[in-house]
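Working notes for the structure below.
Letters A, B, C, D and E mark the chains as written, and numbering starts fresh at 1 in each.
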Amino acid sequence: MLRSTFKNLFSHPNTKRYPSVPADLPQGNRGRVEWDMKKCIWCMLCQKNCPTGAIKTDKAGKTQSVVRNRCITCGRCVEVCPTQTIFMRQQYSKPAMEPEIHIYGAEMMQWEYRVENLPILNHKKKV
Amino acid sequence: MKSPWILHFDTGSCNGCDLEIWALLTPKYDVERFGMVNKANPKHADILLITGPVTKKCEERLRKLYEQTPEPKLVIACGDCASTGAPFMDCYNHNHGVNNVIPVDVFVPGCACRPEAIIDAVIIGINKWKEKAEAMETNVSHEDKIMPDDSPRSDQ
Amino acid sequence: MSRISTIPFGPQHPSFLEPLHLKLNLEEERVVSVELSQGYNHRGMEYAMEKDWKRDAFLSERVCGICSFHHGTTYCQTIEAIAGLQVPERALIIRTIMLELQRITSHTLTLGHIAEAVGYENLFMQFFREREEFMRLANLISGNRVHYSMNWPGGVRRDISPETAKELENKLDEMLPKLQMLDGVVRKDSTWLKRTKGIGVLTKEQATTWAVVGPVARASGIPYDVRLSGNAGYHLEGIRFEPVWREEGDCWARAMVRMDETLQSVDLIRQCLGQLRDGPLVAQFKGHPNGEGFSRNEAPRGELMYWIRAKGESKLDRVKIRTPAFVNIPPLAEMLPGCEFPDVPVIVVSVDPCVCCTDR
Amino acid sequence: MQRARSKVPCIDKLNLSAPPLPPLGIMELGGWLLLSLIIVPMIGGAACLGLGRVLRLKAGVIVTSSLTILLGLLLFGYMTWNGLASISMTAAEVAPFSEVMLVADFALMLVFLYSGYKERSALVVLFALAQLIPLTWFEFVLSGDLQEPVIMVDFLGVMMALITSIIGSIICIYAIKYMEHDAHQPRFFAVMLLFLGVMNGAVFSNDLLWFLVFWETTTVCSYLLIRHEGTADAIRSGLRALTYTLGGGVALVFAIILLYHYSGTTLLSQLPLGNAISGLALVPIGLFALAAFTKSAQLPFQKWLLGAMVAPTPVSALLHSSTMVNLGVYLLLRLSPSFSPIPELQYAVGLVGGVSFLATSVLAIGQSSSKKVLAYSTIGNLGLIVLCAAIGTKEAIYAGMLLLLFHAISKALLFMAVGVVKHETGSEDIEPMDGLRDKMPFVTFALFVGVITLLLPPFGMFASKWMISEISANYPLFAFLLAIGFGASVVYYGKWLGRTFSAGPMRARKSAIDQPLSSYFKWTLLALMAGAVGLSFLISQVVAYLIVPYLGPLHIDVLFVSGALGMFPMFALLVVIVVSLTALALLSGSGKAEITDAYTGGEPFVFANSGAYFFSEKTAGKAIILINAIAVLLLISLFLFPAMQEVGLWAI
Amino acid sequence: MGDLTLYALAVFLTLTAPLAVGLLMGVDRKLTARMQNRVGPPLLQPFYDLFKLLGKERRLINPSQAYFALGYLLLEGTSLVVLAAQGDLLVVFFLSGAGSLFLVLGAFSARSPFSQMGAQRELLQILAYEPVFFLIIVSIGIQEHSFISRDMSQNLIVTLPLSLIALVAVLVIKLQKSPYDIAHAHTELVSGPLVEYSGPYLATVELARWAEIAVVFGILTLFWNDPEPVAALLGKMVLVFAALFTTLVIDNVTARLTRRRMVTFTLSFGIALVAANIIWNLYLGQGVGI
């Protein structure tokens, strides 16, 4: 132990100095799911297969929304989507002061998000 | 704020996020760079890192720990289950997120949340800390009472 | 007049990651008796798992974040058993690689944890530093650090590409000497030995009576390893190993068993990489499972069992999980009385009572 | 009466210049003061025995006690005012009393014989006979000189008398409340008050035969007081005390006879100086030391004092602080010039003291009864005084005297505070004192004051401990004994005091405050607290008026911390600490702090704590055997060296 | 030196020594981190901690905690004053010891399991290091024929090398380093005697601890004397760093041992070292007799 202690002392620290250096995300990291809305055929498979109910597909309003704080990045939705509308980004979703819902609309260029009163927060009453 | 001391409490998590918190303390992430130390004692803590959806049995314990932490304090809900309880959404014995028990300042998504995300959360939290410290100075009580048991959050 | 002090340990305590409450009755600093209370972590998972068998591939991982893959695998194995699915060999090998990878992260965690409990902060840091390397490997292969979400009844959902396999192999070569250095410390360091040797002895008789499993059993002279008879990829050709076991039954032996198994796991992953041949990843399966099934695996903490009764629909009738910690925790009631107060965290951590799976 | 000036050996040795003779006539007053200090408490005691009704008994005790305090102060004032170093009375002057003493002496022996017979204790009978026979013979041999100063008091005596009269009297007043419901009140107070007179008598006696009578009377008094409650335990302990101290009495008798044989004197003031005698002539000195050890319960004779804890608390307070045990170390302080110049004896005696200090300090850690802890602490502190006497330099005697004084005050305070706890709660164990500050804030404060004045700088006891430490640089062997002893005493007092201070959240405290404290308790405790702290403030005055007149001016002054900046007085530190503590407390306003619960890991938890004792009774028992063996060896060496020197085997 | 300079020096030293210790604690944490292959906190981290604590809410279980904390600080401060004024080392020792007792009482005064457990262990630590510390000071006294630190003239590091080693053992305990960080054992007692202190009160205790450590380091510096002021200062600083570094290395290559081992080892080892040194100097070596 003595030897390694001295070795440590005089070697460069192992620390990755995040946030000064970017996060260490390996290739294929499951960061967060996103929608490429042009392709969606509104088959609802993603919503049905999501194990945590993070996805809400609004067929009428032509939006897909995902609650970031519900998604467990299992990649199931990516897998089941027949049109590869959904894809996984390497970058993980960021923390925020409130649980975030990201909404993807067919007409939107990029996702935009708004914070909504999450239905799940009142879940307790149902139980 | 250059010296956030943390308290970590597991309220029914799966250990995933807990270990990511521990990983924070270790050489690769080493949050002691920011002065963060795991004090594991509410009396010393500034930031409560809470994991888990808050099971029924942990509820009272969590409240107590929260009460024992002196102001100003921050609560960071680490992971999906602490934020919304989602991974365990059909389980019957929990509160679906920390904010149903105590006020939460920052929600960290991810199951498990990455250590980097927790660092981000602390950085967000520190800004909020300043507000709270100022509020304390001017004696404006800022969320210092615990929310009643079943009141939904209305300030969303 | 009684000289008993009562000290609480947990549910929130620096040396316990998880909510577990020990009420220690101490005379001076010697433990007289201990009351263990659990259930802080009870979420009701078995019930939730009855809702949808497909979702359970992910939910079962969340039983535990330390050996999530073992849970996922055992769950899938059980469904496979019910449905009579033949898992492709490549999937088996990949599963085995991931199982062993997770065993390494779990064992290094436990070892670091014990080091922390005896106040050996530097050793704790070293273990976690090495652990991070394996975490990164897992992240590289599965895309996640903790819950790999790679399993699916019938096989696996993610492949190991040749480049990844290469990187994995290189990394293992790089890590082996580092692990061996730590092995030397765990084996010989004098202050470490003073705190772990002869502490918290669980004799072979006691171990048999309490029916402990995993490293706890193997450290008490019972060479019981489900990997020898389990149904993951360990029976495949070209994969050989002998269970690690020791006689002493003390904290040091438990640490040592884990240390040796870590090195063994590195070896196993290498063997698996050698056996990685092209083939399908998942056996296709339509419809819903029907009937009863049982499966087990050697999780890092010991024998993990799933028993499922399905009734041919997306709902399952009953899921029962028997986790290793479930049998490993009770002997604490016999190991703790009589020991010194400072040894309590060491003993508890060396048994590694995971609460989250025990409480579910 | 005739004035006379004695030779005090220490003063001789230390070359003190003689103060001018006082004018004639004033001395007479001094003589009367001396006698009345002896007699008044005795008369008071006798009166108490007569006064059956409780009310008058109370009055009697208060009057006698107050009178004794007054007389003690008067004596001190008288001597200081007139600049007297000592007062003495010759045998001729006190001739009427000589006969009384002779009768008393033999009466005592008969009392002992009777007690021994009644209690079926062969040892007591043996010891009584061992005194009676030689004494009878000695009375015939002895030829008294009427001009001998039979009674003499110098400032060591004055200090002892002040301790006895003031602290002892306060204890008696305190006992009025404490013994309120006792069945044998008159007897109890009679003996208590008698004790005070006897004690004064002992320290005023210059003639060793007189000294012997008083000495043996203290034995009787302590015997009666210890067995006062009449339980089997009390009787056993009483008998043990009697046996031990009577054995010491035998040593004293032989010491006197041998002293007369070798040095031809029976006067304390004419004890031979150590460098003037050798060989067997040293044996009486060793015997004196032996007697002193029994009285002061030094190892291996500690057992009787520990057993004496069964007595009512005022008795313990009296025995431990103002009477009985002090007599032993008093004798040693007087004896110091006779043995301290001889390294062998010096080390033997010093080691007995040092080992007593070390062993009792460590053993006290394992005790759960507060009175036992105090008893051990007493033995330890007396051991320190023995150590001082053994070292025998001016500074050491100085330290010993300071220690004696401040120890008496603080120890009485502690015993009385414990007594109040026992009186109110029925228990004197340390564990049930948990959270005492909620129930009895005043008493807890008294305990706190008692302990910190006994332990911490800058209070009086500290000055002497500091001095001993300084001296110990010349005696490294002793330094090692001190080192562990100091550490251990912090431990056992710390955990006791800590236990009393342990309190839960303040908001739960409302209902816990007890009924108001009896004024007897309150004022006596307050008086001693004021004494302990006040005298620490006035320590330079104490030194100037009590110690310097006895020892002469000192070379080093421990009352001042000296440094590069010159000297600054120790008590200035006290003032600084107190002032800044209050100021800071006021400034920071701890009242504003919010009150919270204790941390218990989040679990609602009923916390029970018991103290740590670190070793078991069994280990302690083994250790005691070992330590006693060492002490016995040391005692043997006290006589072995002179004997060897006599036959030429050892050169001193 | 004139009186005024001396006064100024004493005041300066008293005020800066705890701050210097704070800085040393920063170095300590940084070096520890580096030994563990981490980056570690900024050097000024202890001060950040202190200021943060001062800004926090006041919470107590009962007010006596606050008084004892203040008492601890004041006694340690006074001890430092005496040392800075180059006063009597024994007084320094006793005052500092009294301070530790106040810490213990403060911990006891909260009815809390970990705090009281910690207090008992703190007492045990006192039992372990106090005698050794006392004897080290006595050995200095014997060597220099004075306990007044102003009088120190020799290079005690040469004459009392073993006492110096014993002092490092004391330092290990005082700095709460393994193997003997018994009272503050994080994984057993959370933070021992300090559990129930929070906010400004914790800051008070922390400051007092710095003062306490400053006292030990102060006595450590006495081991190096040189007529040349610059050389003396340099030597003293090297000594302090060397001692700190040694404790750090010890900390990082050992596990925490149990309380019994601590008492028996520290007492026997420390006392034996000092005794050997004294015996050598007084009787065996060519050293000074008394």
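We adopt the following convention: a residue touches a chain if its C-beta (ideal position, glycine included) is under 8 Å from a C-beta of that chain, and two chains touch if they have at least 3 such contacts.
Nothing here was measured: the structure is a model prediction, and the numbers come from that model.
Chemist: Find out how few touching-chain steps suffice to connect chain C with chain E.
Modeler: Minimum number of steps from chain C to chain E: 1.
Chemist: Quick one: which chains contact chain A and chain C both?
Modeler: Of all the chains present, those in contact with both chain A and chain C are B, E.
Chemist: Relative to chain D, which chain's C-alpha centre is the most remote?
Modeler: A
Chemist: Could you compare the number of C-beta pairs in contact for D-E with that for B-D and name the larger?
Modeler: D-E
Chemist: Go ahead and note the Å separation of the Cα centroids belonging to chain A and chain D.
Modeler: Roughly 80 Å, centre to centre.
Chemist: Indicate the whole-number Å distance between the mean C-alpha point of chain B and the mean C-alpha point of chain E.
Modeler: 36
Chemist: Determine the centre-to-centre distance between chain B and chain C, using the mean Cα coordinates as centres, and give it in whole Å.
Modeler: Whole-Å distance between the two chain centres: 27.
Chemist: Provide the C-alpha centroid distance between chain C and chain D, rounded to the nearest whole angstrom.
Modeler: Roughly 67 Å separates the two chain centres.
Chemist: By the touch rule stated above, which residues of chain D touch at least two different other chains?
Modeler: As it turns out, chain D has residues touching two or more other chains at 594, 596-597, 599-603, 605, 607, 609, 611-612, 614.
Chemist: Residues of chain C that contact two or more other chains, please.
Modeler: Where chain C meets two or more other chains at a single residue, that happens at 5-8, 11-14, 29, 58-59, 62, 122-123, 125-126, 129, 132, 144, 147, 189.
Chemist: Among all residues of chain E, which ones touch two or more of the remaining chains?
Modeler: Residue numbers touching two or more other chains: 33, 35-40, 57-59, 113-114, 116-117, 186, 190, 195-196, 252-253.
Chemist: By the touch definition up top, name every chain pair that qualifies.
Modeler: A-B, A-C, A-E, B-C, B-D, B-E, C-D, C-E, D-E
Chemist: Please output the residues of chain E touching chain A within their complex, sorted ascending.
Modeler: Per the touch definition, chain E meets chain A at residues 31, 33-40, 249, 252-253.
Chemist: Could you please specify the touching residues of chain D with respect to chain E in the complex?
Modeler: 365, 435, 437, 455-457, 462, 465-466, 469-470, 472-474, 476, 479-480, 482-484, 486-488, 490-491, 494-495, 497-499, 501-506, 509, 561-565, 568, 570, 573, 576-577, 580-581, 584-585, 588, 590-600, 605, 607, 609, 611-612, 614
Chemist: Sort out for me which residues of chain C touch chain A in the complex.
Modeler: It comes out as residues 52, 54-55, 58-59, 62, 122-123, 126, 129, 132, 136, 139-140, 142-144, 147, 149, 157, 181, 185, 189.
Chemist: If you look only at chain B, which of its residues touch chain C in the complex?
Modeler: 7-20, 22-23, 25-28, 38, 40-42, 52-53, 55-58, 61, 65, 81, 87-94, 111-112, 114
Chemist: Any idea which chain E residues touch chain C in the complex?
Modeler: Listed in rising order, the residues of chain E that touch chain C are 32, 35-38, 113-114, 116-117, 178-179, 181, 185-188, 190, 251-259, 261.
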